[in-house]
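Across the two complexes that follow, subunit A remains constant while its partner is subunit B and subsequently subunit C.
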Partner chain A sequence: MWRDASLIAGRDLRVEARSRVTLNQVAPFALLVLILFAFALDPDGPILERATPGLYWVTVLFSALLAIARSAALDETDGVRDALRLSALDPAGVFVGKAAAVAAELAALEVLLGVGVIILYGADPASLGLLLATCLAATVAVASTGTLYGALVSGLRVRETLLPLLLLPVLAPVLIAATRAFESALGGDPARGWPWCGLLATFAVLYSVAGALAYGTLLEGS
Partner chain B sequence: MEPVVHLRDAVALLGRFPALAGINLDVARGEVVLLRGPNGAGKTTVLRVCAGLVPVVRGEATVLGHDLRHDVRPVRRRVGLLGHATGLFDDLTVADNVTFWGRAYRATPADIDAALDLVGLSGRLRDVGVARLSAGQRRRTSLACLLARRPELWLLDEPHAGLDHDARDLLDGLVRQAADQGATVLLSSHELERAEALADRVVTLDGGMAGRVEPGVVPTEAAKAPATTLTGVPDVA
Partner chain C sequence: MTATTPAGTASGTSATPTSTTSGGGLAGGRPSPGGTPGPAHTGSAATRVLGLLALVAVGVLVLYGLVISPADREMADSVRIMYVHVPAATLLYVGCFITTVASGLWLWKRTPGWDALAESGAEVGLVFSIVTLFSGSLWGRPTWGTYWVWDARLTSTAVLTALLIGYLALRRLDLDPDARSTRAAVLGLLLVPNVIVVNRSVEWWRSIHQDSTLARLDPTIEGDMLVALMVGFLAMALVFTWLLVHRFRVAWLEQQADRVDLDAALLARRAEAADAEPAPGSAATAGFDPPAGSAPTVPTDAAGAGGPSTGADPTDEKGTPT
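Then we have the complex of A and B:
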């Protein structure tokens, strides 16, 4: 399974490196959202400071939708899905590889957005351990859930619009937990954030296991 | 000897529509069989059934000794399907694509290099992005992916489409060579003159049913038996 996951992740990242969709489109989109939030909420006022964790994770989720849709679309083109079914690849490995590639792209985006909120919103990244653990757990959770739902809607003509409708409600617990953990980390009270981080980790493990088990069935059914 | 493909009263559905309505077909090892018929006759569906991509809901269906109704994964790993879709990634180069699919099929690096060489893509085209290729070059790249996996059963859906004269000759040579080495080939083509010259046997399909063995081609031992018979459309509602 790990060999297949490595093969798939390598392919998806190589496609990304050649097409530069994340670099040229998703990253500017994410920064634009951050800037628009700053315009909408007075950057000198207390509202923006209080809302920083939530705005950060909303922006991550919006950007993740683009990355996930792009990842799902890769296997929709020109008979790729049939070729995958005919291959000797383990479906669980395909799932893990695709989720890992999405997670790598999201991690890069989160770093960029992190720099953005420090510069634009004046956020103080105290409690770095909690921030990093939260980012890791939330990234795995979003990538695995997104990859699973991307496969679920594949083959449907309305998949581009259906994916956000299905995915965002499912990811609401991730948004809430990651925001609370970030609030604690930025507010200088990390002890209150670790339980939220634990919730994120549980969510990540559940969806990773569910995705690895269900991906073969979804690949056949789409 | 057990046939490589054995379909007996096989019914396959696309949605609720019976795309194959009780087909009978036997193909022996090393045989090259041409499926022909009008558009919508079920040629592509027969090939996809044999690849294990379209499920058989009724009748007998055995490919490479495995029952397609219960044991489809071992079949998929041993067949190669060259269909209308290429299965290629436009953002990757020819070599990237063939290497990816070759590794997905557990091919060795030597097999991958040999496949690129056989279809004439080992030169400067090797590092060209697939998006920049002509339709014929994309087809060659797909063929290289198929060659890299060394399938026991070749399933070729309109393999001559989009290829120039030289590439068609190349393809025919590769098919004949594979058959001589023991691979079995099932192909559909509207290039009838060329395909009939390549085939050991011709089977005509109409309305999802196999019609008759055509005269004028050299029948193999398997073809001398009544391998293809007309059957009625079963009730699949």
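Then we have the complex of A and C:
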């Protein structure tokens, strides 16, 4: 399974390295959203500073939607889905590989957005350990959930509109937990953030297992 | 709760009340496998009795809830909304539970009844979630002074409604029925876990921010108010069951209709192919018969002829003249 996973992750990342869709389109979009938030909220007032954790994670979720849709779209063309079905690769491995590739892209996006938030919103990354742990857990959670739901809508004509509707309510706990953890990390009270980080980790494990179990059914059944 | 009726009795006669329980099999009159049309309605003797009971129970609820039971000391008359609100919220979760269990059983058994039950559970659940949200905000206005507060239960009910809408949106897609059922079943199977995770995290989120959550219903409810609430539960449960049974039958008939349409489309294709056959040397079909075994490369003519799943049988497209 792990060998299959690394194969698939390598393929997805290689496609990304050659097509540069995430780098050239999703990353600029994410930065643009940060700027738009500054337009919507008064950039000189205290609102932006207070809302920074929430804005950061909302931006991550919106960008993640694009990255996930892109990841699912890779398997729709050229009969890749049939090829995967015939390849005797372990479906759980395919799932883990795709989720890992999405997670790698998301992690890069989060670093970029983190720099953006520090520069543009003047955030102060005080407790780095909590911030990194939160990012790691939330990234795995979003990537695994997103890969599962991306497979649910892949191949449909309405996938662009259906994916956010299905995925965002499910990711509501991730947004809540990651925002609270970031709030306490930036607010200099990391002790209150760790339970939220634990919730994120639980969520990540739960949906990774669910995705690994369900991916075979989705790959075969549609 | 049997989702599959024994494939036996001929169509037409509807005098076999097999079950009155929720999601029971279609009582009589199921379209036979041959494709004869089924009954034009979803009622049966059993569900008519059930519907009548539900109607009577709602009548009793109106009597108890609005007339007999007293007004609350703190909430005054707005407490009467609770007799609908609390049962509706409970049944909303019952609907989600039915959807998840039926989805799991569909993935396991692959019998079409479970698929229909999963769909009906979610749809009736959505109706009750809207009732819950609507009655809740009506109650909140006089009690809290606002239609909406970011209370844990309100928020998680809103997210749950979004989850149900998403599930039903997936079900509405025009797809190959089996593929749609598989995807919907995976989504339905995740419904209750999603609900639990969302509820837990939202509750945790709110409990940190608010020291004391607003008391929604006095736990020491007694007398006529308790009776009214119990009548509310009974009436709502009957309405829920009645809706579920009917929705299940509609879903079942839809599945049958899909199959009938598919059979008709296949027959039409075969007839066209047969029409084209008798003149093998003529110009119309001369260059058009691929040798047996080669892949059919006819352009997508079949897509125009309607039918829910075009191109289901590639061999039928071979002889179709463009």
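Here, the second predicted complex is superposed on the first by the 222 of 222 C-alpha atoms of A that agree within 3 Å, B and C clash if a C-alpha of one lies under 4 Å from a C-alpha of the other, contacts with A are read in each partner's own complex, and residues count from 1 in each chain.
Definition applied: a residue touches a chain if its C-beta (ideal position, glycine included) is under 8 Å from a C-beta of that chain, and two chains touch if they have at least 3 such contacts.
Everything numeric in this text was worked out from a predicted model, so none of it was measured.
**Student:** Based on the superposed arrangement, let me know which partner A:80 touches: subunit B (first), subunit C (second), both, or neither?
**Tutor:** first
**Student:** Touching A:221 in the superposition: subunit B (first), subunit C (second), both, neither?
**Tutor:** Second partner only, subunit C.
**Student:** Considering only touches as defined above, state whether A:172 meets subunit B (first), subunit C (second), both or neither.
**Tutor:** Touch status of A:172: second partner only.
**Student:** Please work out whether A:18 is in contact with subunit B alone, subunit C alone, both, or neither, and reply first, second, both or neither.
**Tutor:** first
**Student:** Have a look at where A:206 lands relative to subunit B and subunit C in the superposition and call it first, second, both or neither.
**Tutor:** Only subunit C; A:206 stays clear of subunit B.
**Student:** With both complexes superposed on chain A, which partner does A:180 reach: first (subunit B), second (subunit C), both or neither?
**Tutor:** second
**Student:** Both subunit B and subunit C touch subunit A; at which residues?
**Tutor:** The answer is that subunit A has no such residue.
**Student:** Touching residues of subunit C toward subunit A in the complex: what are they?
**Tutor:** Touch list, subunit C to subunit A: 107, 159, 162-163, 165-167, 169-170, 173, 175-176, 178-179, 182-183, 186-187, 189-190, 193-194, 197-198, 200-202, 204-205, 208.
**Student:** Contact residues on subunit B for subunit A in the complex?
**Tutor:** 51-53, 76-77, 79-81, 83-92, 96, 100-101, 103-106, 129, 145
**Student:** Quick one: which bits of subunit A touch subunit C in the complex? Just the residue numbers, please.
**Tutor:** Within the complex, subunit A contacts subunit C at residues 152-153, 156, 158, 162, 165-166, 168-170, 172-173, 176-177, 180, 199, 203, 206, 210, 214, 217-218, 221-222.
**Student:** So in the complex, which bits of subunit A are touching subunit B?
**Tutor:** The contact residues of subunit A facing subunit B are 4, 7, 11, 14-15, 18-19, 74, 77-80, 82-89.
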